[in-house]
Amino acid sequence: MDLYGRDLLTTQDWSFDELMTALELATKMKRDRFNPRWMKVLEGRTFFMFFYNPSVRTRQSFECAATELGGHAQYLTPETMRLKTAATAGETIEDAAKVMSRYAAGIGIRILEDKVTRYGEGWELIKEYAYWATIPVSSMADDRFHPYQGLADIMGWAEWFGEGPGRPNFEALRGKKLLLTWAHGALARSWCSVQEALLIASRFGMHITLAYPEGYDLDPEVIGWVKANCAANKADFEIIHDPEAGYEGAHVVYSRNWMSPQAYEGGVFRKQEEIQKALQYPQWIVTAEKMARTDNAIFSHPMPVDRGHEVTDDVASGPRSAIYDIAENRLHVQKAVMALTMGNL
Amino acid sequence: MDLYGRDLLTTQDWSFDELMTALELATKMKRDRFNPRWMKVLEGRTFFMFFYNPSVRTRQSFECAATELGGHAQYLTPETMRLKTAATAGETIEDAAKVMSRYAAGIGIRILEDKVTRYGEGWELIKEYAYWATIPVSSMADDRFHPYQGLADIMGWAEWFGEGPGRPNFEALRGKKLLLTWAHGALARSWCSVQEALLIASRFGMHITLAYPEGYDLDPEVIGWVKANCAANKADFEIIHDPEAGYEGAHVVYSRNWMSPQAYEGGVFRKQEEIQKALQYPQWIVTAEKMARTDNAIFSHPMPVDRGHEVTDDVASGPRSAIYDIAENRLHVQKAVMALTMGNL
Amino acid sequence: MDLYGRDLLTTQDWSFDELMTALELATKMKRDRFNPRWMKVLEGRTFFMFFYNPSVRTRQSFECAATELGGHAQYLTPETMRLKTAATAGETIEDAAKVMSRYAAGIGIRILEDKVTRYGEGWELIKEYAYWATIPVSSMADDRFHPYQGLADIMGWAEWFGEGPGRPNFEALRGKKLLLTWAHGALARSWCSVQEALLIASRFGMHITLAYPEGYDLDPEVIGWVKANCAANKADFEIIHDPEAGYEGAHVVYSRNWMSPQAYEGGVFRKQEEIQKALQYPQWIVTAEKMARTDNAIFSHPMPVDRGHEVTDDVASGPRSAIYDIAENRLHVQKAVMALTMGNL
């Protein structure tokens, strides 16, 4: 299995064996975090983190990941890049990507929400970087995908249904039921985390119930892939529109606010309208009462959690909350993918 | 002496022996800065520097410190954190601190001046981080305390009354007289540096004269601790309000502008009013003429120096100015505390 | 040849042998980029990168350079420095430089364009830092000079007239003809890159044709040095004002927009006026037709390229374009100079 030089724009682009290679290395790294075997993998090497949007965990965990591999992550923002836009002179992506390829071992890009003017534009920009760059390019979250979050999710679920942190059982997920539910909230999130969660859950044979109010459809092409993944794994996939339903028999409950397909009408991110619209659905929240109807489900969320909107405090901080373990796994899966694709481990 | 995992919010929280352990290691590190014994102490490890307020020396010296210990300091600002506030949705400190604890070896926080709405608020925020984090948290300056500055001060004074840079004599400070005086200026400083200087000077047995115009009282609780420290060491403590007095017999003269207790009236930092008020006291400045009345005192200041307001150029750049040595000591004491609390040295 | 501790404000300050020492080490480093011989040269050491102006390649390549030498480059901006200005209280350059000298192995400064109020002011600020600092200070581009770009240029040309990347022939440049031509554009560039290119080309014995419209004279003092360099090397120097001329016999064609001597009239950078004025000269652009009249010249540009203004796409991306090789060389020459001046290699 040779992943050296590979891009990672979504987990859907990688084969199941390739995903397992990364997850198995992430597991080894989590269990033996500062083993000399990987503390020099990126020695002297640079990873460019290019943030169109600010970030908490993504920046922290990628910069830690590069450091733990012996390398360095440079924090770049568009203000420092002087790139060409429709309105201003500046550098083309061709020129930027070709020069960055001379300097670094890899590039990560984050672009979503208010930094795009229509759904899919961020993903297209990353694809253009990947086209010109001769080093691995990966998405640190765009409007469509969030592959590292998907890897962290599946690793966390496999730990909870395995033998605990650092001891995941990926086979145990086959046939388990994921309830992924929209939640109201005040942040109008992009679709990347939930779409990636659906994609990877369906690759690992989980039954999926996707719940959201009418009017909050996700990307039809991605949902088509999820259905195909489920069919290939003989797993169920259903969409429901009832905030009370879907909890029975669930093993993983995942809640998250997301914007509607109208969010970019007029070519601008209508954040306030989206927040106002979302706040009209207060019944869409994960509560202890709802969790009590599941098959002792764990609670999953990609963070940051909008407590009181997406989930109640007692669930988010409760004994079946996997959110911190999953957040930690961002570090380990990123180290594994970077070591494989940029470090030739 | 096991300091691994310890927070450092003020030197007052640490025992005298604990402070001496840090200072003795800082001394060794200063005399042998790139010895392999400490160049790998934080190898692969991350220190989160979280700056609500920008900084010069603090950022430079902490980032250097992490680098010299083989680790890496991440520069974080609130804009990149999306934390919850009264007005906006976002992440709780509980969630932020718990996740940061999964990624890093330690957290430093700086919050003071215009980033708080009342005295003490910054310190309370750091305490909340320390409550939730499972890794060491320390203050990189808040509205109450500045422990690393205090350690750098005492080390610098002990060097000047010892055998010079890298050869401090801490015992020699016992019975020496510190004149810590308010000075006029155009920057409306927080109380952290001067309060920490008073606390640590009184721990090391120095006599203290605190001089300021009527109306510039410091925190009564902190002054109470300083008095108790002096009493425990059989040292004198006095407060005076005469800009010409207190110089006779002084061994260390420390000047610094600070804001009045009215600075946050109305729940906002009234910087311009404070500056205007302070500039009405031009006689409050350290001059060569005043220094000539001391017992050949050294001049001390935590920097940045507001030359012409807090001190004249001839004193700040003169042969008895300890300001650069003390600024350098920030690096060494921070390396020592990080190595002990985060690196288990 | 001992370069330890040396400043680098322009290549004109260094002897030919000193420049060759740096270029020969850069060549070795390019051919064997991650050789353990230089991966620890700056281990544990800090390089302060102080950016008054944002930057793409300069920041990326310096931070990579420090990383590849085992050290760390701190990214500093004036907002984080609280320096004294005419209008505000703050720290003097004396104090900033003296303290930075206690913390770091070297300082690089970038200041030009809208961050100065008259030509030469940025260079003077760097000189003041160099005066007070006890560690090496170098220019990462100011209004007058850009020494690292000059080194990267000459190394790139020598590679194209030698045996390719990593195999430069500097002697082969002697007697070759450089056409350095102004080009129209929408970015109103400073003079630093072109002045440095002229200086270093003339040190290496190249014949120089400098072409620009009437009214775009460069710094007379610098042009005087270039003429003297050419005379010392028995090489030709001429200035022309015809956008079609000078291509015949050229071996290197270098195009770049630059501002006029009126750019700072009134003590402010008149960027929009400069752009409007420059756009009135559309015939000043390098095209394939013009390149066809040369002696199979390579195309050179310090990037970012303003395609369609400074050069056509077919030339910039064509088989004789040296722009990416030269951009890459920024990394290698910076590593070499840092290793020699800061790392004592």
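Every chain is named by a letter (A, B and C) in the order it is written, and numbering of its residues begins at 1.
Everything that follows uses one rule, which is that contacts are C-beta pairs under 8 Å (C-beta built on N, C-alpha and C of every residue); 3 or more make two chains touch, one makes a residue touch a chain.
No experiment lies behind these values; they were computed from the predicted model shown.
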item	value
Mutual neighbours - chains that touch chain A and chain B alike	C
Copy pair chain B, chain C: interface residue numbering same or different (half cut)	different
Superposition rotation for chain A onto chain C, Cα-based, multiple of 5°	120
Separation of chain B from chain C, taking each centre as the mean of its C-alpha atoms, in whole Å	41
In chain B, residues with contacts to at least two other chains	72, 75
For the chain B and chain C complex, residues of the former touching the latter	34, 39, 54-57, 59-61, 63-64, 67-70, 72, 75, 185-187, 303-307, 309, 317, 323-324, 327-328, 331
Chain B residues touching chain A - in the complex, by the definition given at the top	43-46, 48, 71-72, 74-76, 79-82, 88-92, 94-96, 98-100, 102-104
